[in-house]
Structures are given as structure tokens and as C-alpha cells.
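There are two complexes below, and they share chain A, which is joined by chain B in the first and by chain C in the second.
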Partner chain A sequence: MRTRLQKWSLAMGAAAVMALPLTSWAQLTTGDIESRIGMESHIGNLTGHAKAAAADYRRYCVGCHGVMGDGNGENFPWLDPKPRNFQLGIYKCRSTPSGTLPTDEDLFDTIARGLDRSNMPQWSTFTKQQRADLVAWVKHFSPRYATEKPGAPIQIPPEPEVTAERIKAGREVFGRVQCWKCHGVTGMADGPSASTLTDDQSRPILAFNFTEGARPKCGETDRDIYRIFMTGLDGTPMPSFADNIKPDEAWDLVFYLRALMSQHSKEKDMAKQLGLKPVDPNAPPGQ
Partner chain B sequence: MLVRRMFRARVKSNFALSLLTGSLALILVILSASPSANALPAFARKYGLRCSACHESWPMLNYFGQKFKDNGYQLMNDRDAPIWQNPSYWPVTFRITPIWHRVSTGKVQVDVYSGGTVTGSAVQRITSSGFDLSGLDFHTGGTLEKNFSFYLLPSSDPTGAFHFESVFARLDNVLGSPWLNVKLGKFELDNLLSEKRILTLTGNGGIYQIYHFIPQGDGNIFGQMGDNQLGLEIMGHSYDDRTRYSAALLSSNDGTTQLPYGNAYTGFFTFSQAFDTGRAGVQRVGGYAMVGQAPTTWLTQTGPSGSTVIPGAGIGNKSFSREGFFGQFYFGQHIDLQVVTQHGQDSAWFGQGYGDFIDGIAPNNNTTGNTLPVGAQAPSWNGVLFEPHYVYSPQLIFIGRYETIRMSQQANGALSAAPSPSNLGNISTYTIGYRYNPFMTSRAGFAWHNEYNWLHQDGTSPTGTNLNTSELLLGFDFDF
Partner chain C sequence: MRKTYNLAALLSAVVLVCCGALILGQKVSAAGEGKITGSVKLDGAAPHMKGIDMSKDPFCSKAHASDPAHLETVVVGADGGLENVVLYISEGLGASDLAAVPTAVPVFDQRNCVYTPHVLAMDVNQKFQVKTSDATAHNIHPLPNAMTGNIPWNQSQPPGAPPIEKSWKSAEVIPVQCNIHPWMHGWFVVVKGPYATTDEKGGYTINNVPPGSYTVTAWQEDYGTQTQKVTVAGGQSATANFSYKAK
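== the complex of A and B ==
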């Protein structure tokens, strides 16, 4: 009996040792990603290392973003919007021009801020070092980071004083660049194109509704809003308007968008005093 | 003969070695092949997050989970209100644990028979073992609307008798600020090392002893920080939860409904601050204080069956307090240490056994008009709890705990007649165990649980000597 048990346990041991390569076989397909495990991030004085974030990624992120960082985690079927595919290296929230990679700071901020109206929470519980490590980890999934550098952050001029004229001018910009086509004339995301919008993977996507009290995805300060429409949200139908809107006009548009939002603001009060009407898509230019 | 013995010994040694090697290799394969980790299903299903996002190991919260709880079970991503959920979503989780356990208690007083009649008593160890069940928890909680949250936990004992373990509604982020949240109902006190989320399950190891300590002969059941209490809590925290406070006003009734005791209240206060320490993680230190009064005697009513206590007619309120520090220290992603200290003190009246009538700790003392014996003094004690964890992965955690409580002043320590020994009731207890989750998804939780607890208490055996109790437990802890 002992001999039989002894043989059994030896066989189990041998089987286990033979099975080890099989368990690691699946990881062979990740060779390309593994080759970038030395990826770093640089945020201020912090240097993040991809390797150091592996455990945090597994604990907090893998259920949605997946082991391969392709956004195909176990929750993929149930989530809307879908988790980001890090392999593509395409990000909505950037300080850099459309089509370029975001800076490390952009990713660092996104992790802490989360993405409203999605399942991405605010991971402000991490230490800054953990976040910097996670930025490096996120970057290591994409081959773009091996060959491209992040874009240069756009320049944002100082915010001017809000005036009634600026809000009126912002309304004119809103009409001229046809924000209303998706966001609707009152900002309720009910423009004529709203129902047809899809992201770059042909998945339906909603325009931002300014009137429901939600926070803009990529930050809620005036500078954040300025940045959103001047850099665009890559991977979505929201383009960059950097070529269509001058910097000073961009601030006008920020003030008008504030007036559309349901949250209380001085822009909203001023627009109310002005009796500002929604843009008329059929009106001649300038009216 | 000697050769044969040596051969046998070598065969045994080889057999043991190969069995050990095989077992270790098998464990290695299991660990390396395991899919990644799992979460508390009601919220995990709602948000699509794995258990590991909120739990260091389910059910113990990690920092992110604590923040989620402090926000009123909200991620604060504008998708918290139930209007955003699929109508078929039902925020319910069941939890029950089938177990096998072996409990051994030394020095139990037993009757001695002679000729079919009891002729005396003796002291002996009693050991029992077998298959068993935990009670059933029926958790439901979440948001009623953005910033309106709730929790309801009907809970049964192993026989199926239900009670409301927790019921509360909470106004979150009042005035748009995380610094003001108001909770009303029956709830767990704001203990960051939560007993309701304890990782251990044995009778003595499944609670934190310093959350429930009562000196020998003491009648005060009201200062049990580990029990859910009825009251109103105001708490607040910074956006990232680094700084947090809470203040609760509680009825001094140990969570019992229908006002059985009278008019007395207890306050419970906590404050903590967390610090960013790079890759080591976020460290937190804080303090707590529980200060209250509770009745020591009751008005009585004499009827056909004699004198009985009138519920709700407690009088002679006396004071008690528990205060201490706690720390949550992380040393990277795998090791952490939880620490809680306590200094406790009860009124001399409680020390003489006045107090609770429901639990019957000292029912004969529930009469008014008595006076304290000369030399009676307020019992006080000090305790500390260390709980280290080794988190191999979100699916496998090793747990250790050491608790000790030492009396610093006995209620009867100054009595001229039969003063209590200074160490009477001192407790030391050790717990070790592990929990292994073979899978981890955002839909259900399952843990293979194995634990051993040993508890030593000074002078509490029937013969006045020390008492040792141990328990070994294995079980399947699951929730859905």
C-alpha cells in the first residue's frame, strides 16, 4: 500500500512538474507585451515602473481591462461604455493634440479622477507612486509607446473674465462649429446626429448631455472643458476643434457651455439675464 | 533487525519526502494556474468590479472598499442611482458556511454519578467535533437614489431563528460635501478593523476579544464595540478618504430593539488619518473612544410568579468607557499589520455585577437600594490586538492574530474579604488560518477556509485555575 501511495505521489509530483510549462504556455502569447515590462512613467519627481504595478493591476483592474490590457476582461459583456483597450494606445482624456499619445500626467490624472458615467471609479486611494507605476503598466500594453513619444500639451491661455458679450460670442461659436448636431441646441444631447454616433470600434456612443448635472468625463474645471474640445476625445466622434476655434473664442465657448449646464454658475445667471435663446440651426450665419 | 528498521525508516522518509514534494508541486500548479480573484456579489454585480477591488480578502475591506462604503456604497461616478441599473438587478447576497470543526474546552465541571445518582462533581476536558453550519446572512444594500443609501441584514443563527443584525438608511454627501453623512438605524460602529468583516470564523477567533471584553463578574454588556448598535451616526471624510471622522449617539441597549433597558445613551467617536508612503502603500493611524452610561438596576413588579423586572425601567445609570488607538500598516502589496489597543473602565457598580438583566450575567443583583461593598472599585483593563496578513494574491491570504487583555484593576481587588487575583479574567488568544478562493469573478464568492484558535483565560475554570480552549475549523465559505 505504501509503495502504491509512494508511486502515486511521485506520479503526482511528476505530473505537476510537467504541467508547469502548460500553465505558462498561455503567457507565451504575451511575449510582445512582456518585452515592454521595463516601461517607465515620469510624473514630476516620480518614476513609475510597470513591473511594480502588476499586483495592483491584477487586484483592481483586470476584471474590466483584461489580462492583456485589451479591455476584454470578464466584465466586458456587461459594461457600457466598454473598458479601454490599452493595446491601441488611444485615449479620450489628453492634454495633447488629437491623434497623439497622452502624457504620463494625463494618464496619472485619469486614474485618480475616474471617468464619470462609466464603471471606471476614482482610484484616489492609491499612493502617487502606485499610480505612477500603474501609468507605466498601462503604457506597456501598447506598442505605440515603443515607437512614439507623447504629443506636446496644448497651450491654454489664461482664463479671461466672464462677460455677457463673451457668453453671447460663445453661443455663436456653438452654432458655427455645429456643436448642436450632436449635443442639441439646448445641450441635451438630442441633436440630429446624436442617435447615429459610434466610437472608433463601431459601438454606439452617447454625446455629453450638459443639462443632466453630470460632470464632463475629462475634468470639470473651465480649463478641462477648454482642453476637451481643443484636443478632442480620441476614439470617439468628438473631434478636436483646434483648427476651427481660436484660443480666445474657445474661452467664449467654455462660458456658453457653462451656461447650458444644469449646475449653478455665474455664466448661467448671466445668460438668464440676457434672455439668451438656444442657437437656431436654420438661422443665417451671425444670428 | 536493525537493518530492517533502518530500511523501514528510509522507506518512510522517502515516502514522506515524495508525498511532500508531490503535494507542494500540486499546490504550486494550483496557485500558478488559478484565474485571478473575486468580490462581494451584490455590489460586484452592480459595478462589475471583482471582490478584490474592494476587499483585501473578502469580506475584509481594503482602502478602496472603505472609501466606497464611506461614500454610501457609491463609486461616485454618476452611475450609482438604481435608475441606471438593469431592472433585473437585485442587490442581495446570501452567505452561509458549512464547516467541520473540533472544539476542545479544558476543565469543564461535570457531574459524577454513583449508582445512578449524582454524588459530586469533577473537572474534565470536553472535546466535540463534527459537521456544522454557520448562520445565514441575507445582505441587501446599496442606493435608493444618488446619495441615499441603505443596508438591511436579516441574519439567522444556525437553527434558522432570524433577527435584524443591521438596518439603516443613510444620507450621503449632505450639502454636497463628503464631510457630512448621516446614518440612522442599527449599524456596526465605525471600527476600521471591522469585526463584521472579520476573516476568521471560529467561536473565539471569529470575534475580536477586545471588542467584547467584560471583566469577571461584571454586569455591563453595553460597552461591546463589536456588536451592532442602534443610534444615529454622523461621519465625514476627505474626497480621497485619507482623513475621516465619525461620531455616533447610541442607545445603551447593545443593539436590542424595543427599548428593554431604559433611558441611557452612549457616544462613540473615531478619527483617523492616512499617509501616503510610496510603494509601501497608504498607512492609517487613528483613535476611538466609547463613553456611555447604562442602567444598573430596574424597577420591578411583583406578580403571581414573583418579582420581575419592568422592561424599559432601568435606573441608576452608571458610566463606562473604552478608548484606544488603531493602526493599519502596509508593507508593500503582500504584508500588512492591523493593530488595535484598548483601555477600558467600568463603574464599580458594574464591577459588582449590576447591569444587564437580559443576558442574565448577574440577575440577582438587579435590585434597587443596594450599596456597594466596602473596597469595591471600578474595574479597568488594557488590551492589544495584532493581526498580520500575508496576501499571496487576492485569492489566497494567510491570517494570524494575537490578542491579549490584562486587568489593571479588579472590581474586588481591594476587598478585605476574598479579593480577586489581579490576573483574574486575563485573556490571551492566538489565531492562525488561511482563506483560498479558487476562482474570482464579479458574480459570486467561494473560499476554502482553514483556521485554528487557541484561547487562554486566567482563573476562570470551575476550580479557579486557568482555562484553555481550542478550536480547529475547516469550511466552505460562500456567498452569492
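== the complex of A and C ==
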């Protein structure tokens, strides 16, 4: 014979157990994260193992990214931009379409490259194996990696020869898809929408300023720049332009962006010779 | 001998009854789908909706030169009817009704720098379209919680861009924004099963509801949710009226 209290606590216990799967969506538990400790990464012929990265993560990463990988490490209050929340699986630097997981190579490259104008340094001191292990570790924080595959990387055609025609055509693209709305007509990040930009957490964020010598966040090669505007930077206001810029036009835009950047380049010299003026924000669309 | 005969009679009777029930049952669900209709009203004075300053984008401000734009958090029509309220069945639907996905493709239009409609309801896995009618660039940026199974994405739609077709994996109320025009704010309301959105008079009809007892939920972006129990008889229309108290 059970007492009333026993019956009541049994019922409450059962109710609590049934409610558990619901709450686990909102907040990941250590147990849930640990269940993915077998996570691997594959970069070329390297295989990374999450388990092998535990010590490195604790030593080098945990201060910002946190024990749970949620970006809530002890340095969080003093950082801007804020550290990445690995649980969400949303990354700026991807070779894959907006809304998809990045490839292992994307994460591998980001660790080595660091993120300019943030507190994420270049971790070029790690061996490739260490980095591959850390990629697997970073992935194991997100339940998305248990059910989703990375998106298919966008195709980047071989880089054509820079010509004056291409730089001019790139200026047309810059005007047509209205990059200047945020980045400004001269690339100074002073477009009409620049001052109100916020990231996915509603925190203020700056548009990239091409004219002050800073390096683009997700890499500074021509291919990196091509990839940045075609895939977009997820978690930020920078959208993907893959549906609206054709692959060949995309190279034209890369050359025009080079001409806007303060660093000396062949493109900059050619644009100067052409006497290219900034795009006219009041031109009717299609001009 | 007699026992076997009895058993056979009993068996055939059972089979008959079962078949009959099956046929009848099918008939009921095929021809007898009912609907839930009603209206959603605001009880009290309509709150003031702030005007939107679109002067940063000449295209947008020109489009609203004679018809100034206002926030659409609470849109009240004649007789206090509340527009943009989503109604759906939150309890009582069978597995097959929950799994069915409508073939209609609802459209979310960026027109004159506002979202039309302001609230777009849809079923889980139902395809929907995002298009632009504007001669200014937009970026369409839904912000679901990535932990629910819906993943945020962010795509540009400059003038003349082709429509984007997408769907969502799980039920969720998803805010949508344009970073280029920070006043542009709308909602994707993803539900399981039949749904409806109120018109400018606050009226709605949820079609294709099989007979049964249900809980109907009304969702309004500022006032939250309300529920009501309703019973739908075969081929009949049940009524559920909702009323929100003005804040």
C-alpha cells in the first residue's frame, strides 16, 4: 500500500521525466554534448578526433568559448565581437550555402586564419593534427552535426585575367545588387543602412570598410572574397548573393572590390587609369 | 459441429461489422470534413502604431509619400476585428492529418519596403515563396532558433531578383527581418495541421477539419496565444470566436 505522498511523488517524477526531452532543446546538457565525444573531422587525409582535443581546448579556447562551447567563457563580458556559440552550428566563414553547416576544411582554415578585428588570433602554432582534432571538438558541441551534413561547397570557376572591362563590369554589379546600401559607394562602410546593422543576437555590428587596410574576416585571397559574398556570413547581416550574381560576374566584382581596397593592387592602378567614379546611389535600378 | 457453426457465424458477423465500419468510416472522413470559423476581436481601444521613417531609402519613402507606413504589430479593422492572427489546431488531430502537407505555396512579398502579408502562416514542410516587388535591394533574414531544427539563413534580393522557395522543418514562430531596412519586420508562423490567418475584419476559416474534438489556438504577435475547445461534426462548421483585451 503506497501512501498518498508516494503516489504523488511518483506522478510528479513521471511528469518530470516526460518533460525532459522538451527542455533539452532549449539548453544542452553536459551529457548530451558528451554523447558526441566520438565526433571526427576529415581534412584531406587527416582524421581529427574530438577526444584528442580536450586538453588543447581547455588550455587555449575555453576562456572565450566556454566549457559548454556556447561562447559564454569567462572573458565573454569584455569581448566584442562576442565569441562564437558552437552549439548553434552557425558560422560566418563557410564555402557552403547560407543556412547550411560549414565543411570541416572551413573550420580548419578559420582556426589557422583567425578572425581579423576580433579576439580570435591566428592559431598557426598548432600542428595540422591538433587543428583537425579541434575541428572535431568544435563540432561535437552542436546537436546539428548528429543529424545534418555540411552543405555542398559552392563552385568557384578558375580566376580569369584582370582587365579594365572586368573592373568596369564589377562596378556595375556593385551598383546593381546595391552593396553600397551598407558598404557605401566608396567602400567606406558608410552606406545609408550601415549605422543600424545588427547581428542575429541583435547586437550592433559594423559593415566591412574596404578603405582602411583591414583584412576581410574570412580570408584575403581573391577566392576568399569571391566566397564571402556568394555564401554570405551567417549570423551577420551579410546575405548570400549566390542567386543574384553569376559566377563570371562574381570575378568582376572581386576585381572591383580590390580596386576599392586601400592596399596597392593591379586592379587599383587600372581603376585609377580608367578614372572610375563611385556608383551613383540615385541611379535607377538596372544602371 | 454446432459449436463450429456458431463460431463461423460469429466470425462472419465480426468481419461484416468490421468491413461496414471501415467503409462507413472512410465515407465520413472523405465527404464529411468540416471547418472551424469565427472572428478575432480586440476588446478596447486600438493602440497607436508608430509611423515609420523611411527617409534613408528614397525608393521606400517615395512609395509611401501619400500613404505613410505604420508599424503592424496590432492591426485593427472595422468593429475591432484583429488582422494577422494565426489560428491553428493545437490538440486533437490524428497522425495522418498532422503529417499531411498542403500543396498551396503561400507568398511573402517585399512590397514598398514592407512585408505583405506581415504574418505568413504555413504548415511544417509546406513550400513557401519569398519574392520582391521593389526597385531597391532587400535581404531576407529569418531568425529561427537553430536548436529547434529550423536553421537561420540570409539571402539577398536586389531589384528583379527571382523568388526564393523554402520550407521549415518544425513548428515555430520565426521572426523575419531585413538588415538593409531595419523597420522591416514580419513573421513566419509554422504550425502542424490546418491553419488560417484573420483578414482585415478579423474573420477566419480553417478548412479541411475532420470531425472531432479539438483545441484551437490563436496567436497574435503582441498579445500572445489563447485557446478554445471546439467540436466539429461531419460536414459542419464549428464556431470559435476570440477576444483579446487591449493593453
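Assume the second predicted complex is superposed on the first by the 255 of 287 C-alpha atoms of A that agree within 3 Å, B and C clash if a C-alpha of one lies under 4 Å from a C-alpha of the other, contacts with A are read in each partner's own complex, and residues count from 1 in each chain.
Keep this in mind: a residue touches a chain if its C-beta (ideal position, glycine included) is under 8 Å from a C-beta of that chain, and two chains touch if they have at least 3 such contacts.
Nothing here was measured: the structure is a model prediction, and the numbers come from that model.
Colleague: Once the shared chain is lined up, is A:Pro143 touching chain B (first), chain C (second), both, or neither of them?
Modeller: Touch partner of A:Pro143: chain C, not chain B.
Colleague: Looking at the overlay, does A:Ala189 come into contact with chain B only (first), chain C only (second), both, or neither?
Modeller: Neither partner.
Colleague: Return first, second, both or neither, reflecting whether A:Pro121 touches chain B, chain C, both chains, or no partner chain.
Modeller: first
Colleague: With both complexes superposed on chain A, which partner does A:Ala214 reach: first (chain B), second (chain C), both or neither?
Modeller: In the superposition, A:Ala214 touches chain B alone.
Colleague: Check whether A:Leu257 is in contact with chain B, with chain C, with both or with neither, and answer first, second, both or neither.
Modeller: neither
Colleague: Using the touch definition from the top, say if A:Asp243 reaches chain B (first), chain C (second), both or neither.
Modeller: second
Colleague: Looking at A:Pro284 after the superposition, I want to know if it touches chain B, chain C, both of them or none. Which is it: first, second, both, neither?
Modeller: In the superposed model, A:Pro284 contacts chain C only, not chain B.
Colleague: Residue overlap on chain A between the chain B contact set and the chain C contact set?
Modeller: Touching chain B in the first complex and chain C in the second, no residue of chain A appears in both lists.
Colleague: State the interface residues of chain A toward chain C in the complex, per the touch definition above.
Modeller: Of all residues in chain A, those touching chain C are 25-26, 28, 87-90, 97-100, 143-144, 176-178, 181-182, 192-193, 196-198, 200, 232, 234-244, 282, 284-286.
Colleague: Within their complex, state which residues of chain B touch chain A.
Modeller: Residues in contact with chain A: 11, 14-15, 18-19, 21-23, 25-26, 28-29, 32-33, 36-37, 47-50, 52-53, 63-64, 67-68, 75-79, 239-241, 276-282, 333-334, 393-394, 441-442.
Colleague: In their complex, what parts of chain A are in touch with chain B?
Modeller: Checking each residue of chain A against chain B gives 2, 5-6, 8-13, 16-17, 19-20, 23-24, 52, 55-56, 58-60, 62-64, 67, 74-75, 78-79, 114-130, 133, 214-215.
Colleague: Per the contact definition, I'd like the list of chain C residues that touch chain A in the complex.
Modeller: Checking each residue of chain C against chain A gives 56-58, 135-137, 139-141, 143, 146-148, 151-162, 164, 179-182.
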